[in-house]
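Heads up, there are several structures right after this.
The two complexes that follow have subunit A in common; it is paired with subunit B in the first and with subunit C in the second.
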Partner chain A sequence: MNIDLLYKIESVAELQGHEERTWHVSWNPTKPLLASCSADKSVRLYAYSELTESCDPKFSHITSIPTGHSKTVRALAWAPSGKTFATASFDSNIGIWEQEATSDYEGDDVSGGEWECASLLEGHETECKSVAYSSSGTLLASCSRDKTVWVWEVHPDSDFECMGVLMDHTQDVKCVAWHPTEEILASASYDDSIKLYIDDPSDDWFCFTTLTGHTSTVWSICFAPSGNYLVSGSDDCTVRIWKRVSEHQWECVSVLEGHERSVYSVSWGVGKGDVEGGLGWVASTGSDGRINVWELSESSDMSANAPPKNKLIARISSAHGVNDVNTVVWCPRPGYEEFLATGGDDATAKVWKVVKA
Partner chain B sequence: MAFSGALTLTDLNDFITPSQACIKPVEQVKPQEVAKEPGGASTEIQIDSSGSYYEVSVNGLPQNKTNGIGAKKLEQAQISLNDCLACSGCITSAESVLITLQSHTEVLNFLESNPDVSSPSHKVPVLSIAPQCLASLAASISSSSSTPITLHRVYCRVQAFCSQVLGFEHIYDTTFARHIALLEHAQEFQERRAGGGKLPMLASACPGWICYAEKAHAEMLPFIARTKSPQQIIGTLVKEWLGEKWGKKPNEIYHVSVMPCYDKKLEASRQDFHNEIYSTRDVDCVITTGELELMMREKGWDLSVPVQDELESLPRGPAGSVFPELMNHPGTSSGSYLQSLIDMHTSTSPDTLDLSVRTVRSSDYEEYTLKKRESGEVVFKGAKCYGFRNLQNVVRKVGREAGKGYDYVEVMACPGGCVNGGVEGEMQNAKWGDKEWTKRVEEAYWHNLPTPPASPNLSAETRMANEADRAKSRRQRLFRTQYKAVESEVIGLAVKW
Partner chain C sequence: MPGEIFNANPTVYAPSKPYTRKSHLDSGRSLWMGDVQDEEDDSDIEPIDQDEIFDLIRSIYDPEHPNTLEELRVVSAPQIKVSENRIFVEFTPTVPHCGMSTLIGLSIRVRLLRSLPDRFKVDIRVKPGSHQSEHAVNKQLNDKERVAAALENPTLLDTLEQTLADVGRRGRSGETISLSLT
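Up next, the complex of A and B:
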C-alpha cells in the first residue's frame, strides 16, 4: 500500500523457494544476477532479463546452492568483480564461492558451471552476522557475535590472509560496510555504536572513531555513493545520517523518523532523482514491514556540518505481508538505479521499482 | 567481580582477549537449607555498599537466625585455574578471574607460614626468574638513570632482595632451562623430520597459544612441539634433579617462578605438571614481573640501588649457581626457538647455507629460508609469527598445506613476543602493548650480554643425541608434555546474548 508521495514503489518480482526466512539479498555488480540467503542454509541465484524501455526485467531461478554451512546463512556479499561471493553463517564461518569453469563457458553468461566453496574462513568464535568486500575487491571484512571484526586480504587462488582482528566493540557486531572508494571500514553493533577503521600502513588496522547517538542496537550501515555520508538503521526506530566533516571526523547530522519499529536494513543508492545537489536515495526497512525511500540532497548551507536536505519520496507498507523485512538493497548496476530487492520473514525475496507517482 | 587494575584491559588489538562472559557454573557448598515458610515464597537479593550480596526474605523475616540483621551474606563465586583450563566457554589470554590463586600475596603468605628450617615440615623456597622479566626491570630502572644497567646487575639485586628480604634459599634464572628446552626442541624437530611426527613443528613455549589451540584449533595440536617450556623445565629441574641433590621430596620444595606473562599461571596449573604421588606442582606459584615489583615496593626495596658484590657481567665466583647463569641465545627475545633450529642446520650441513629473511608486512611475521649456496636447494623454511592476527594466518597456512610450506614456526600469542607479554607494560603504567616500552625492554634484553655459550651447537646436539639413546624415556618424561583438545560445552542458549 503506497501513500501519497512523489514516487511510488511497484512490485517487479516475487521470488519464492527458500524454506525459511530470507535474511539477506545481494545484487551482482556486473551481471544480471540476484542472490538471496536464508535460515534454510541455502543460497538461491536468480537471473534477470535486461531492462528494456517497454519491459521490466523478468527474474528466473537458476540455481540453489546448499552451501554446506551447518547453520543459517545470515548474509552474503558479491565481490566487485561479480565472479565471487562470500557467505556469513551462524556456524561461525565465512564461505567463499566461485563458479567452476566449464568448457562451454561463454564470457558473461550467467549460467555456466556449478558454484563451489573455494575457501572457508575460520576464526570467528560464534555466529557471523555480516560480510563485505572493499571497493577494490582486495579486502574482505566479517563480523560476529564474538564482538570482533576481522579484515582479510584477498590473495590469488582463493587464499586469504588475516590482516586484522578488531576487538573494539563491547557487544555483538551486526553489520560491516566499506567506503565506496577508500579503504575505510565501518561496523555497527549491539553496543549501540558505529565504529570506523583504517589501516595504518606501518602497523595494523585500528578504530579511528566511534559514532554514538543511536539509543539501541545499530542493525545496519551503508556509505553514500559519494563517500561523504553514512546511513545507519537502528532498533531505536530511527535512521541516522552521518557526515564526514573532516578527513577522520564523522558527525550525526540528521535523524530520519518514519518507522514504528526496529529498522533492520538501510541502503544508499545513486537514485534516479533530478533535484539539484542530489546525493541519491536512501531506502530503509524493518520490523514494521515498511519500505521508506528518502531523497537526499546537499544543503545550500556550505558549513562542514550542515545537514543534507531530506525528503520522504516513497513508502510502501506491508511489503512482505505481516512479516518483518530483514533487508533492503539498491541495485548497483548502471541503468537499474530505481530497482530495490528485499528479503523477509515470509521466506521470499522481492524486487521493487521506484517510479514517479 | 572486581579485577585488579592491571587486568582491566581495554582498547587492545591483536592480543587474545576474553570474548564472552564466563559461563562456568559456580558450585557452592550449601549450608543446611532453611525450611521455607509455607506460602512464604521468595527471598530477594540485596547488595550493600561494599558490594556484598545478601539474601533477605521479602516479608523482612530473618532467613538465618545466626545474624541479627535478618539477612544472610551470600558466598562469592570462586573459579579456579583448573576450571578455566577445562572450559571452552571463553578463549582468553590472561584469564583474569583466576589471579588470586597465584599471586604475590599467596607467595608472602606461604613464606610467612613456612616453619623454620629445623622443622620437618619446612619447605625449601626456590625462585626462578625469566630473562624477559629481568629485561623489563632493567628497562624500568634504566629509564630513571642515565647509564643503562645490565641484566646481571639487575639479577644480582633481585637475588639479594629475594634471599635477604623474602628468605628464598635458592634463586635461579630460567636461561639454563631454556638451553635444555632448545636442545630438546632441536632433538624433537629431527625426530619429526625423520618421520616421527608432523611438520611443520610449531613452538610450544607460549601458553596463550597452547590454550587457544586446545580450545579452538584442535587440528593444530599434532603440529605443536611436545617439548616443555623453560618454565616447566626449570620446574622439573628444581623438583626432581635439585630436590634429589638436596635430599628433598618434590612436596618439600616451594617453587615460585617470575614470568613476563599471566598465561604462565595457567601453564603451571596444567594437570600434566602436577605430581600425583606428592600432590605438588613443578611450579607451585607463578607471579608476574609487576607482582615482583609490587613486593619490592611493599618491602621498601629500591632496585636502582646497587648491592654488595654486584658484578657487571659473568663470571660469577665459585660460590655461584649450580646452573650456568644468564645464558644468551641469539635470535629473538621470545626464546630464540627458530634461531636455534637455523643454527642447528647451518652447523651440521656439509654444504654452505645462505639464510634469507623476508618480512611479511611487519616484524611480527618474518620468513626465514635456508638454501644451499651451490644448488639453491631449500633445506629449511621457518617463520616467526607473533600476535593473534598472524597466529590466524599460521593456523590457516598449516591447515591448508600441511607438510609443504614451513618446517617450523615460532608462534607467540602477543604482538612483539615475550618482551610484550601482557604484564610488562604495567611496570611503567604504560599501556599494555605500548611499542616504545616494548622496544626499551627489547634493548635491555640484549644489552651487554656475553655471547657464549651460544645456541645448542653441534657437539651439544650430538651429546644430547647419545644421551638420548641411553635414556630416551627418562628424557621424554622429564622434558616433554602433551596437549588435549577442549571440547566445547557452550550451549548457545546459555550464553548471554
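Up next, the complex of A and C:
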C-alpha cells in the first residue's frame, strides 16, 4: 500500500532488552532520556545524544530498574520536572520513582544515582492501567480495572494525598490524560466512553461530561497541545477528534479511519508542519502494526463545531514486524517535534522520525 | 466457581477421526515458542489450515467435565477460519448461561498463543446466539490487556493448565498415545 504521502517515517533506533512485550514508553520532558516498561516487570532507561544538524540522536541503555512490582508494569509517566516518574502495574499499585542524590549531582547529568521507589500508592483493587501527571506536576491521576479513577495531590517528599475517587465509569478504565494547561482530567474506558473531570473548588472532583461515539473500548486519549481538542483511539478501529465547543462542552468532530484492527495508542504532538492554522500532528498505532501520522489544521469555517482539516501525511506498516504496537508517543522536548517512540509485542522500543518524503 | 455446575448433563459426542496430515506444528513447541527470527527460511512458511487449528484445540478439556471440547462439540473444524495471518475461532457453549465460556475461550486463546507463530492475529468469538452474554464474553476474550492480566493470576492460570493438560493428544485417545510410544 504505497500511497504518496508528504512525509515518511524513518527508523532512528531499535532498543532491545525487555524480556517480554513492551507496553508503554515515555519521553523525559526535560532531559535526553526515554523510559520503557514491560510485562517483564522492569523499566529500562535510555539516554540519547542531543540532535545536531548532521546527526540523529544516538540512544544508549543506561539502566534497568527491576521495580519490585509483582506483575506487569503497564504504563509509566514522567513528572513535568523530569525528576520523577510514576509506574502503573497490574499488581494494583502505583510506584513513584526518584533518583538517589549523588554527592555532586546537579542539573543535567542523566546518569546520576540509582533510581529508587520513593513511594508506593495503594488503593486500587485490581490492575492499574495508566498513570499521568498534570501539567503543573501538582496532581497525579491513576486508573484501574476496578472502574475507578483516582486523583492524587503531590506533596513534597514524595507524599501523596488522595483528593478524589471517581467512580463514573461502568467498566475497566484504560487510560487517563491531563489537559496541557488547565486542571481538566480525561479518562477512557472499556465501557466505550470518555469522561472529563474538573475540581469543584468548594467540593470534590466530578465528571462534567461523558463523550460517547466509539462503539468499543477506548484504549487511549491525548489532548492537543492547544488544549482545544482531544484525540482518542479505540477497539472500533477508529481515531476520533473531539473539539471543545464551549468551556465545558466537547463534541466529536472527526472520525479518522486508517487502521484495520484495534487502535491501542494515540499521541498529539506539536509537529513540524508548515501548514496554515496548524494544530500539530496526531500519531496512532495498534494491533495492525501500523503507525499513521495525520496533520491537523484549523478549518476556515469559524463555527464552534467545525471539524479541523486533517490529512494523512505519513504511514509505516509492520513497525514492529508482525507484532502489535502498544504505544506511540511524540517527544515533548523542543527541537524534537518530529521524533516518535513506540513499544511493541516484540519486546522492543523503537524511535522514529517523521521527515519530508 | 466450584459448587456451581452450569451444565450438569452435557451431550457427549464421539470424536472424529484424528487429523492425519503430518503437521509441522507437531514437531514440537520449540520451533514456534522462540523468536520468529529463528526460523531458517521465512519464505518456507507452510499455510496452516482449519483442520490443523482444530487439531490444536480439540483435546482441550471442558473446565467442568472430564470431556474434551471436541466431545462436547464446543469446537469444530468448520467453525474455524484461517486467512493469511489471521485466525478466527468460533465456539459453541453447551448451554446459553454457561459461566465457563470466558474460561473456555481463554483456554483456546492460550493454546493458540503457545502453538502458533507470532504472525497470527487470533480472534475468538462465541457462536452468535449461543450465549446470553455473547457481547461481554467476546469483548473480554479479545481484550489483550485483560487476557495478559488473567494470565498473571496464579489461580486462573492453574485452572487453565488443567484444561490444557492433554492438548497434545490432538483427538487421539490416551491408549493410542501410549501405543504409539511403545
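Everything below uses one rule, namely that the second predicted complex is superposed on the first by the 353 of 357 C-alpha atoms of A that agree within 3 Å, B and C clash if a C-alpha of one lies under 4 Å from a C-alpha of the other, contacts with A are read in each partner's own complex, and residues count from 1 in each chain.
Just so we're on the same page, a residue touches a chain if its C-beta (ideal position, glycine included) is under 8 Å from a C-beta of that chain, and two chains touch if they have at least 3 such contacts.
None of the values given here were measured: they were computed from a predicted structure.
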Check your understanding: With the two structures laid over each other on chain A, which partner does A:Glu337 touch: subunit B (first), subunit C (second), both, or neither?
Key -> neither
Review point. Counting only touches as set out at the top, which of subunit B and subunit C does A:Asp236 meet: first, second, both, neither?
Key: neither
Check your understanding: Which holds for A:Asp172: it touches subunit B only (first), subunit C only (second), both, or neither?
Key -> both
Exercise for review: Give one of first, second, both or neither to describe whether A:Asp324 is in contact with subunit B, with subunit C, with both, or with none.
Suggested key: second
Review point. Counting only touches as set out at the top, which of subunit B and subunit C does A:Cys162 meet: first, second, both, neither?
Key: first
Check your understanding: Which holds for A:Arg261: it touches subunit B only (first), subunit C only (second), both, or neither?
Key -> second
Exercise for review: For A:Asp40, select first, second, both or neither according to whether it touches subunit B, subunit C, the two together, or no partner.
Suggested key: neither
Exercise for review: Look at A:Ser287 in the shared chain and tell me whether it touches subunit B only, subunit C only, both, or neither; answer first, second, both or neither.
Suggested key: second
Review point. Between subunit B (first) and subunit C (second), which, if any, makes contact with A:Asp191: first, second, both or neither?
Key: neither
Exercise for review: Go through subunit A and flag every residue that touches subunit B in one model and subunit C in the other.
Suggested key: 126, 145, 172
Point to revise | Sites on subunit B touched by subunit A in the complex | key: 11-14, 17, 19-20, 91, 216, 361-362, 388-390, 392-393, 395-396, 400, 495, 497
**Study point:** subunit A-facing residues of subunit C, complex
**Key:** 36, 85, 117-119, 121, 139, 142-146, 148-149, 152
**Study point:** Contacting residues of subunit A [partner subunit B, same complex]
**Key:** 122-123, 125-126, 145-148, 159-168, 172, 203-206
Point to revise | subunit C-touching residues of subunit A, taken from the complex the two chains share | key: 21, 39, 71-72, 74, 90, 126-127, 129, 145, 172, 174, 190, 216-217, 235, 261, 287, 321-324, 345-346
